[in-house]
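Just below sit the structures, each encoded as structure tokens.
Across the two complexes that follow, subunit A remains constant while its partner is subunit B and subsequently subunit C.
And now, the complex of A and B:
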């Protein structure tokens, strides 16, 4: 067995060298033949590569923490895109207005449930000994119900998105600014009593938060971009709900990741089918975002929006890297990925941390979905297609490695483009999946193996 | 345990409920024309097959409504020498199988010998062999597939064949000074047929196709294909699309990639959805399409009456074609005086020269194909000038003949 593996590895090395040389020679020859087309292909590759990279980042994060393929991931991408469509399209589908109270109610319920669970896990556990449990339960129930009703309001009134979201934006900014100011003050004035510092930072937070709330409320043009945030958050909430409602039980009962793979496949297909029923299966455009004009550059053309997508992918990568390497939460996530049992033993609440991982993963997928939707179009099946591409990108890059996810995403985008130089465009998917098969059989650890 | 049993029962009930709900869906019922004055003479019975549900619903519905409009006009004016005409409508959907079922029902149960329909080429090709064998006239205003020309002696249509569209497109390209062409085609029978016949005519005239690409119906990103096409530096791009969405998206992404040459297409990329998707990028797009001539008075009156009665107008040429079919039928019934005389009716169609909504002095050749009609060339207007009335484009005139 070992000898075989070594043999295989040697074979893989020879093949890698041969393939890389051949591909490099081919690309150089082609670039010499038509530099303009090469530049344009490179731009196309960057645009789709950025989406693949975003998908691969989230995929890799989830996979390297729980070690199973969560196929809901694809549905999250479609939900991100369809969320924007749901909130920002006034047209009718099959005679019914797109914005439907029943659909909104479902998502409001999901959000309420997730908030209730989050309160139970975080606040309730800590305050249980100090306060009256009944009061606590009533309070958290009330909070969750309010959050659900608020979500319902936001989803059913897309025309007033900026007004409805301004309080939430204000509060979020106030808490964040207050926290940062408090942290800075604490370091500057070591030894001072906490109360005055708290008051000062609270005032600073309130002022900045109120100002931000006003800004949002007064900007009706920002509704499209607010809908991006809403659909990402909702897709994330559904991810958490699925984790808590489905996967937690399965992880307790059956330890085989295969069962969860099948269950999440069911989730993906169900959500895809439901999307096709509610929104019809025909592809549709999303409302026009900024950057739809293209710039001529070095003999090629690229849209401003594609540059923005690349920026989002890089920012997402940097953010995730900071989170994993520099924060306490990141360390616990990596600990769970290394060994969940040990993490549990040392006192990490693995359920909560994994829920956060699912949330982040779903938000990344939703962002990728809506960016790709704005760039081209949305259709119910897009989730499945994007998920497969994200998976290939993370296999190519090396599963579990964030650098690998970004490299794999952009590499896949480029290979797809340059690969069809002499082939018909229909071969794009064939090339992607051939690459997947090659990598799985010869270099299963990818370009940048997990350290 | 009992709660689980109740749930199980509910779960089992769901499919049953769904089935029941589906069964309750209103099926299109044959609509009889209201008789203006009760007469002792039984009315002429004419069969109609349209795709009233399913994928061809838009076409079938507008065609059926135009026929009802025409038949009500004829009956209100006293019918044919005092005899009314009654239309027996069946849903042929957009498939050969459903067309055969509808055909059997019309001929066996209702005993009609003259059928107006169908709305889809597939349905037409399914029912045509039966009609040909039984000696029943099948007369369509909408089916455009070139194969229908060879379907038989009893098969007629006022719809122009896609082959004609290709010839007109090839001529237009050449007349506009296009010498090198790139084509992008959806991988469907219709789009492929349009491309083949257009390119055949274009090459016959001396043009050259420098690059061609095909795409499957479900993709939304055409940039890699378009990049390759534009790298061949063609004078113009030709789009043959089956779905409006892909047609519009290709136009949009072509402009995003910096292509500033002219773009040519058939009817699909100038549809309402396609123009909405493409936006300003579609400005100047030229399409060869069957459209009603703004100078034709009958056509304008029909459109006005149709809008007044149904409160919308779509697919104007097909509407006019369906409308004309009823009047041609009425004229032939007047000549034969018998709705069971399919042979007489057939000879009348070979003989007739008609002027109606879709054109003047048109007739049928020995294959039952309409002659004397031509496609129009339309050009998409800038975004600011597009209205619901002009449907986003202006008519440049008939397709040129070099």
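And now, the complex of A and C:
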């Protein structure tokens, strides 16, 4: 009876190939039957697949760095969506306004803690030798407290989001533009003294930053999009806080990845239930974003927002690829993924780099969560299912491979949508999990294995 | 199971040396856990009156059967299955479909076949059906380990839930099945709460004895060996796959029995009782109580049931949030356990 292993090696490949061929033939036949409907399904598949691709990108990045499944990832997706709901909805929960000071205080504290740690790790560790540690500690605490209070203000005054965030946006743009201009100038005028270049780039940065800040301050319509950024950043900060506050200690003792998995399952359980307590467990709509009317294209309809989602997925992919392949940080991330102990020996501060990876991963999850939330509705337990879909997409594409994550995400979205052509729409979760089992049985390394 | 046989270190020393008290408490954590939870349960039963205690007892018995059966898989093969609720649902739905006599006049479109079997005829069918499903699933899942196994068992739970929700011709989908029959032996119907509690406890005893027999038999020793070192056991000539599959199927059948009991107890089931979340809660019960101990699973289930009811007395917590608050507490408990005591309260084995 259990000659299955041998059977799998031999006929298994043939069976798998036959199944794939049958599926392909079925799709081709359906397309030939009604091309218009096929275009519609393809559009649906694209927009769903973009969300899955985003999830798979973040998931595969985190997993291939730390090699355990962090289920906080699902909670981050839900938090991204609920962050937007928290900041921008006009609905009420149980007769009260959604926005409540206790929730804001919790997140402000988390952000303050993360910033305090980031300052400690980045700036003050370098200044330690030159100045008094007490002063440094006081300055770091003061800066972190300021950041926490600012976050608290932003979270409790969602109606003035554009005013409150305009200085932050201005400073960010100023620093970015200044940096880029300085870099370009340095390349252009090799051998010139640094001071004039610095002054010029500082002026350029300040001007552009101030302009951007004013632009944001004068546009109340931008509040929704600012709330996207805020909720992604907050979800990322919570991810970092979890990593630094919990996973670091746990990884020192844990014998197996299952302990980490169960612990993060506890985190997911607690956050999901807390979300349900704060926002009630019924599904809710997010406020309307742009592009909610559909365009007719090649006989199908697609919403502008879905095109935007696909764009975000591709941009996220490109950004992550650049980060991993072209920058020093990316090289250290890949080094840690290959062998953490050796990376530590070589002198990489693994804690900081992994914290950055967790931040990026949580931001990707939150972005996927809020994009899918705008497309459909949000509910507290959406996170778990979204995370599982991201997990499946990264398994299908090949865990640890960015190209694989994108391919897997879009392929999963397409297969789900084409699969429910003749079935009812409710079966799409079943389809994706059957695909997962099929892949794990026959192609456990995915479509594009990690190189 | 009880570790009371261990001698208590002198209490007198703890008065002089505060550190000794902590050491004392820590060295007898298992004993303390037992005492606290049982005292809690007794206090509850006394304070809330017998009717409430009987209901709680039945809920506890059903969760305990599930926890003990899942512990066989998690504690003795090291496979963390989050899909156990699927087998529970298969048992429940089989019993419900086979015994329900309800005629759904208002909703003719959702009519399903009625059989009107007695409970004790339907239950074995459900158990066998779950066993057959477990064989099929086990053969496919056999090759997965650790976190990949967790992922596919998530998948199994979701597939089962979707089948219950969408196979409307059999399960009536979201409308659920009404009028599930109460168990009946001869002319004796278990239709009041007390007799049902007695039946549930009998089921629980049977499951506990069966698990105890499995664990202490030579079969159980081979299972322990597989958990500790699968490769080595294979080298000694044991068919590892057979052992793992057998315990997996047995565990699924026990869960299905619990499902049948549950369906008959509530007399109405719908897919919402079999969502993935329930399965995660079940896993947290098992881990909380401790892996590879039967007594630990019983304590875990007891804690779980008492937690929800205990939450009702937290001041300022509205009743509709009790279930969610329990999840928050369980989640935090899971994290703390994984940090400080990865084998669970009374566990013999670390994940």
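Methods note: the second predicted complex is superposed on the first by the 435 of 451 C-alpha atoms of A that agree within 3 Å, B and C clash if a C-alpha of one lies under 4 Å from a C-alpha of the other, contacts with A are read in each partner's own complex, and residues count from 1 in each chain.
As a working rule, a contact is a pair of C-beta atoms (placed from the backbone, for glycine too) under 8 Å apart; a residue touches a chain by one contact, two chains touch by 3 or more.
Keep in mind the model is a prediction, meaning the values are calculated, not measured.
S.K.: When the two structures are overlaid on chain A, which partner does A:282 contact: first (subunit B), second (subunit C), both, or neither?
M.R.: Once the two structures are laid over each other on A, A:282 reaches subunit B alone.
S.K.: Considering only touches as defined above, state whether A:416 meets subunit B (first), subunit C (second), both or neither.
M.R.: A:416 contacts subunit B only, not subunit C.
S.K.: Which chain makes contact with more of the residues of subunit A, subunit B or else subunit C?
M.R.: Of subunit B and subunit C, C contacts more residues of subunit A.
S.K.: Thinking of the overlay built on chain A, is A:258 touched by subunit B (first), by subunit C (second), by both, or by neither?
M.R.: So A:258 only meets subunit C here.
S.K.: Kindly classify A:424 by the partners it touches after superposition: subunit B alone (first), subunit C alone (second), both, or neither?
M.R.: A:424 sits against subunit B and subunit C alike.
S.K.: Name the contact category of A:294: first (subunit B only), second (subunit C only), both, or neither.
M.R.: It touches subunit B, and subunit C stays clear.
S.K.: So in the superposed three-chain picture, is A:381 touching just subunit B, just subunit C, both, or none of them (first/second/both/neither)?
M.R.: both
S.K.: For A:48 in the superposed arrangement: first (subunit B), second (subunit C), both or neither?
M.R.: So A:48 only meets subunit B here.
S.K.: First (subunit B), second (subunit C), both or neither: which does A:303 touch?
M.R.: First partner only, subunit B.
S.K.: Going by the contact rule set out at the top, does A:37 touch subunit B (first), subunit C (second), both, or neither?
M.R.: So A:37 only meets subunit B here.
S.K.: Please report the subunit A residues shared by its interface with subunit B and its interface with subunit C.
M.R.: The overlap between the subunit B and subunit C interfaces on subunit A comprises residues 381, 424, 426.
S.K.: Flag every residue of subunit C that touches subunit A in the complex, lowest number first.
M.R.: By the definition above, subunit C touches subunit A via 80, 139-140, 142-144, 146-148, 150-152, 154-156, 158-159, 162-163, 165-166, 239, 241-242, 245, 276-277, 280-281, 283-284, 287, 321, 324-328, 330-335, 338-339, 342, 350-351.
S.K.: Considering only the defined contacts, which subunit A positions touch subunit C in the complex?
M.R.: It is residues 2, 4-5, 8, 68-69, 246, 249-250, 253-263, 265-274, 276-277, 281, 381, 384-385, 388, 391-392, 395, 424, 426-427, 429-430, 433-434, 436-437, 440-441 of subunit A that touch subunit C.
S.K.: Once bound in the complex, which stretches of subunit B touch subunit A?
M.R.: Residue positions touching the partner: 187, 213-216, 218, 220-225, 227-228, 231, 243, 245-246, 249, 253, 255-258, 276-277, 279.
S.K.: Which of the residues in subunit A come into contact with subunit B in the complex?
M.R.: 34, 36-37, 40-41, 44, 47-48, 282-285, 288, 292, 294, 296, 300-301, 303, 375-377, 379, 381-382, 416-417, 420-421, 424-426, 428
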